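Pasting a structure below so you can have a look.
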Amino acid sequence: MPKRRTLSVALLGTKFMGRAHSNAWRQAPRFFDLPADIRMAAICGRDHAGTRRAAKTLGWERAVYDWKAVTADSSIDIVDICTPNDAHAEIAIAAARAGKAILCEKPLARNSTEARRMVDAVKRSRVPNMVCFNYRRVPAVALTKEMIDTGEIGDRIYHFRARYAQDWIANENFPMVWRLQSKVAGSGALGDIGAHIIDLARFLVGEIAGVSAVRETFVKRRLTKNRSYAKVDVDDAVNVVGKFKNGAMLSLEATRFAPGRKNQLSFEINGSRGSLAFDLEKMNRLRFYDARDPEYARGFRDIIVTEPNHPYIKNWWPAGHIIGYEHSFVHTIVDFVDAIVTRRPAQPDFADGLKTQRILDLIRRAAR
Amino acid sequence: MPKRRTLSVALLGTKFMGRAHSNAWRQAPRFFDLPADIRMAAICGRDHAGTRRAAKTLGWERAVYDWKAVTADSSIDIVDICTPNDAHAEIAIAAARAGKAILCEKPLARNSTEARRMVDAVKRSRVPNMVCFNYRRVPAVALTKEMIDTGEIGDRIYHFRARYAQDWIANENFPMVWRLQSKVAGSGALGDIGAHIIDLARFLVGEIAGVSAVRETFVKRRLTKNRSYAKVDVDDAVNVVGKFKNGAMLSLEATRFAPGRKNQLSFEINGSRGSLAFDLEKMNRLRFYDARDPEYARGFRDIIVTEPNHPYIKNWWPAGHIIGYEHSFVHTIVDFVDAIVTRRPAQPDFADGLKTQRILDLIRRAAR
Amino acid sequence: MPKRRTLSVALLGTKFMGRAHSNAWRQAPRFFDLPADIRMAAICGRDHAGTRRAAKTLGWERAVYDWKAVTADSSIDIVDICTPNDAHAEIAIAAARAGKAILCEKPLARNSTEARRMVDAVKRSRVPNMVCFNYRRVPAVALTKEMIDTGEIGDRIYHFRARYAQDWIANENFPMVWRLQSKVAGSGALGDIGAHIIDLARFLVGEIAGVSAVRETFVKRRLTKNRSYAKVDVDDAVNVVGKFKNGAMLSLEATRFAPGRKNQLSFEINGSRGSLAFDLEKMNRLRFYDARDPEYARGFRDIIVTEPNHPYIKNWWPAGHIIGYEHSFVHTIVDFVDAIVTRRPAQPDFADGLKTQRILDLIRRAAR
Amino acid sequence: MPKRRTLSVALLGTKFMGRAHSNAWRQAPRFFDLPADIRMAAICGRDHAGTRRAAKTLGWERAVYDWKAVTADSSIDIVDICTPNDAHAEIAIAAARAGKAILCEKPLARNSTEARRMVDAVKRSRVPNMVCFNYRRVPAVALTKEMIDTGEIGDRIYHFRARYAQDWIANENFPMVWRLQSKVAGSGALGDIGAHIIDLARFLVGEIAGVSAVRETFVKRRLTKNRSYAKVDVDDAVNVVGKFKNGAMLSLEATRFAPGRKNQLSFEINGSRGSLAFDLEKMNRLRFYDARDPEYARGFRDIIVTEPNHPYIKNWWPAGHIIGYEHSFVHTIVDFVDAIVTRRPAQPDFADGLKTQRILDLIRRAAR
């Protein structure tokens, strides 16, 4: 019997995504039967005190402050990139050169030129690589994919429409943050949340053939910590229409200006025999209309996606006991570890992330 | 070919129910192919000016003020009773003696003694008779009945629970009205709205074997028009549990003290293979859970009950174009006219209304 | 005291819209205190037998078969046009010349050239004129307008997105009908249902500055009555993005290929202090998010739009007793009659309908 | 500065509740700033291999098999009882004698006699004690409590109605399990899930004055592992009506025979100025009707209980990112540890659990 492998992880980033990924690395082995042991070896951040606290609270063996050193460290197997977007490319390319398996937060890069270099790097080094589009692994979304693939809504897709709406900067007095600056974030709502629904469009329906788009920056300047105003040079919202290569129609909206919508990633897909609809704010549900039901009893079914045979669910709780946002990261880690050990490609990999990046660029150009 | 019959109607009552029934008599022949012509001959009220106005506005040939005369009038075929509850028995008995077909608003009477006399009268005279439990003829409710009868939720019913909740007297300053006085109304929430859900319980599941109940009058006195206080001697709310003869469990609630619930008649029925749920505030919908669906795709279906093959619907509008509250009265009239012409019993008839009345009495006693 | 006026109406068209308008003319005086009496003088159709039946069933004094004669008839005050779209212009222009008040079904015409001629005609003759965009007068939609105008969602609108989705031709075997032929209908989903949401966009938010669009005909040919195939030369679906002149973003979708969506006209509007959302399949509801509520108690309110102080409601039933689809036509008639008698412009008038028509043309061009 | 304390925990039980509590002990220090360190010292089960596996997977230092030894072990500070109900009393009494802080799964005991002895034991030993009615600490439920206490629904409660409905044994072929045997479980749906809603009734509204009840065992025998049939001697469902001491009316239902209801703990509370409604299947939501809103804008608000100022939320994720079932146990642990360290009583303590137990007994007697 071969010795069971241990995979040592270094996490870069200590903020929101750092917390979410830390939790996922901790929880994955508690609920899933992983094919390797996980060692949470190091967490890396620039702020020494904050990183030390994070290491202790989040369960990492040590705090480190030099991403180049930890990325090169021969004891590390996996580099997990949770930094702001402008650091993704440099770190990922270094990690690839050092032969690490790489998990990178979305969007893969600030633009497709950067993303292209990252793909080249991981291909050259042949390292396992994955972009953390975690919503693919919400059970209801994974079920959507299964149901489309098995023909539950027919052999032809007519419409995919998705909306990712938040309201955290709808208030004009919300201050300037890095997500509102082009040089760090690359884009605004488009790259931050629009990237998720483009990934889902491609995951669930297929490649996009063309787009038209409009964008807007509703609040043009924001107050900085220095009590001066800085220009907002990213989009607050973007609306997109287009077509998929398979003939389906596409409609997308990403906005941070929808009061009352806290984290509403919703989509509806219409096929020739039925429809599927999802809303992340009700993430344990999937609505399904089956046109094959008898006419008197047709209606959208409100499936509670917590049954043992639903994707990822049997490892959690009994039917009707819902899971939360962070579980989608646990599922991502579970599948990434499985991909590393079985040497099968992880999905979505960097090449896939590049395709999404190209659509982001396409939309940006179309919206000018 | 036999000459087509004309049925002349006299309506007693000019208020809320008078308006609803008038509309139904007017609209029924416009949308349904009735087996007789309808003549809206007379509307009867005590207030001369008000009744004259009602006649004109609501479409009646003449206004009359003496219910005894119109009930005895040989040119009248149908007496439609929409008066306060305390007048039901006397009018219905007179109308039966005069050989009229009778439609009576619910509850049939103030108590089962009165109701018994009404049943005796219509049996003796063999006149067509019907109690206007209009909610039986909401399409979604009629569909519920059809689906239970065809075994869609299995051959065994486990639970029927219904709630009729309103909030129009939850405010302590709401004044005294006849519905809050025992000598006119018979009872409070119980007879007014509780009667509807008892009728539906019996219609959908079967006869009730026994009950336990509690009742409450939350606001004990109300201001009258004379600026003095009068005692509220009816129930504000009643809660009931019990069993049906077929073994199913019963749970009922009628209340006028549920802020936010405007006219919420809701029920849920659980059977051995599925469940059905309804809410009058969403009256064009029926929720259906089919335990025979594949496990991954089970969920309550939100059926929009506006398809051509749904009960009563093909006479109205295309799919998805909803109907309103008053349409349930139109359906009641349609079926009543059909029963008169075809000489088949109307449902629910007075005998059926008496059974409901006995359950009301049973609950009143249990709740003491 | 001036003698009360009687307005004589001639209705052109006996099908779906003919039935809906007939009902509205009949019901309006029963529930609303109109400033004139209504005489339902004539209904006009080409099929003699069918038109005679319609006259009797729908309550018109006489059936006529020559639209030119009835339009010129000096005893007629109002011409109500419910014919297929290709006849709108010719009839309306003749009616204007004859000095009639004109109510015309939407879309006003097949294109803006036709619509322009109609506007010229009514302006020249100074006759009252209105386009029957009935959904403006759904109480929840009228309430939306009131709430926007009084600043309930702030002084700035960020987003208007609307969708009109049906599924009646999603089945490939559905046969060819006039609505799928360009020469009769002008366009497909765009003109039929898209026109409604464009009208609502303009009504609720303001004029549209520019659009991008994609369209698709999913099923390219349909079986005719002659058992041969005919080409579908209208759009099955159209997706639009754009901007309003006031800076708000626009997103529209009209489709007949959304299985499970029977008559789903839905919109969501986001403003700087709140949001409003509506769905015609739940037409007695309006969802309202008020960003001024205390943070712990913020959430979309599900307003049941059946309170006495909601638009049009006090003339119907008590709170919680819902109204149906056809009531929106009653409200339209009520306001049209009021406009005629008070000599105030009806809204939306033909000039308004022309503006909507121009947006339809703009979208058609953009979608090529 | 006083040395920071470490609390050593022994968990008894390795099944569903064992997993849920293990997760809570692991996660609490990762997301909350606890006033003590937690040492997950031992997990105890009868099945040696299974317990060893559980220890490893769930994160316990050692597996032990003798509950008496571990309960007496001087290195243990906290005993967490997750065994079947029939073992609660004996273990808790031993743990109390050994001076341990005790967290006990609900229901506290099989009956109030047992519960009384447990209360006596913890009082005598003055040890911290808590019953794990975890649903009190779902954020939406904790918010309900806060809003009632601050008068958001008025100074008077009219109605509390709750339902706990599941469907896992609605299928007649589901086999015999310990939860269906009186001698182990004490009661059926009543004690298992009814206990939760009785606890919530008492937590949210106050003490119960009296009850009437009916119960039923729909499926009287079930197949055992030995392929013979055993009698089901617990209730499958129970319906309760009653009154609170403060005059509010009570309606409860607990059932395992509601197809489609997976884990539906729902309640609605009506007060003199508003209403609150909750459904565990949508556990991140709370519906709130405020009768003080302007009439045109009144409606149930659908509050997404994920704002930073909602109970427990700021320690998790940003607004709109929902949490799951197991988080309610984390909150329970957090509050229990706080109670131990600050020497304040934990809520609900055993004395509180005894009161709930007495209501369970009262219902059982009433339902005979």
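Going by the order they are written in, the chains are A, B, C and D; count residues from 1 in each one.
Rule of thumb we're sticking to: a residue touches a chain if its C-beta (ideal position, glycine included) is under 8 Å from a C-beta of that chain, and two chains touch if they have at least 3 such contacts.
Being a predicted model, the structure only gives us computed values, none of them experimental.
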| item | value |
| --- | --- |
| B-C or A-B - the one linked by more C-beta pairs in contact | B-C |
| Chain located farthest away, centre of chain D as origin (C-alpha) | C |
| Distance between the centres, which are taken as Cα means, of chain C and chain A, whole angstrom | 42 |
| Centre distance in Å when chain A and chain B are each reduced to the mean of their C-alpha atoms | 54 |
| Cα-centroid distance, chain B relative to chain C, in whole angstrom | 35 |
| Residues within chain D bordering two or more other chains | 261, 298-300, 304 |
| Touching residues on chain C, where the partner in the complex is chain D | 143, 146-147, 152, 285-288, 290, 293, 295-304, 307, 309-310 |
| Touching residues (chain side chain B, partner chain C) in the complex | 16, 20, 22-23, 26, 29-30, 57-59, 166, 168, 261-264, 280-283, 304, 306, 316-327 |
| Contact set on chain B toward chain D in their complex | 153, 156, 158-159, 161, 163, 167, 170-172, 212-214, 216, 218, 237, 239-243, 247, 249-251, 253, 255, 257-261, 268, 270-275, 289, 291, 298-300 |
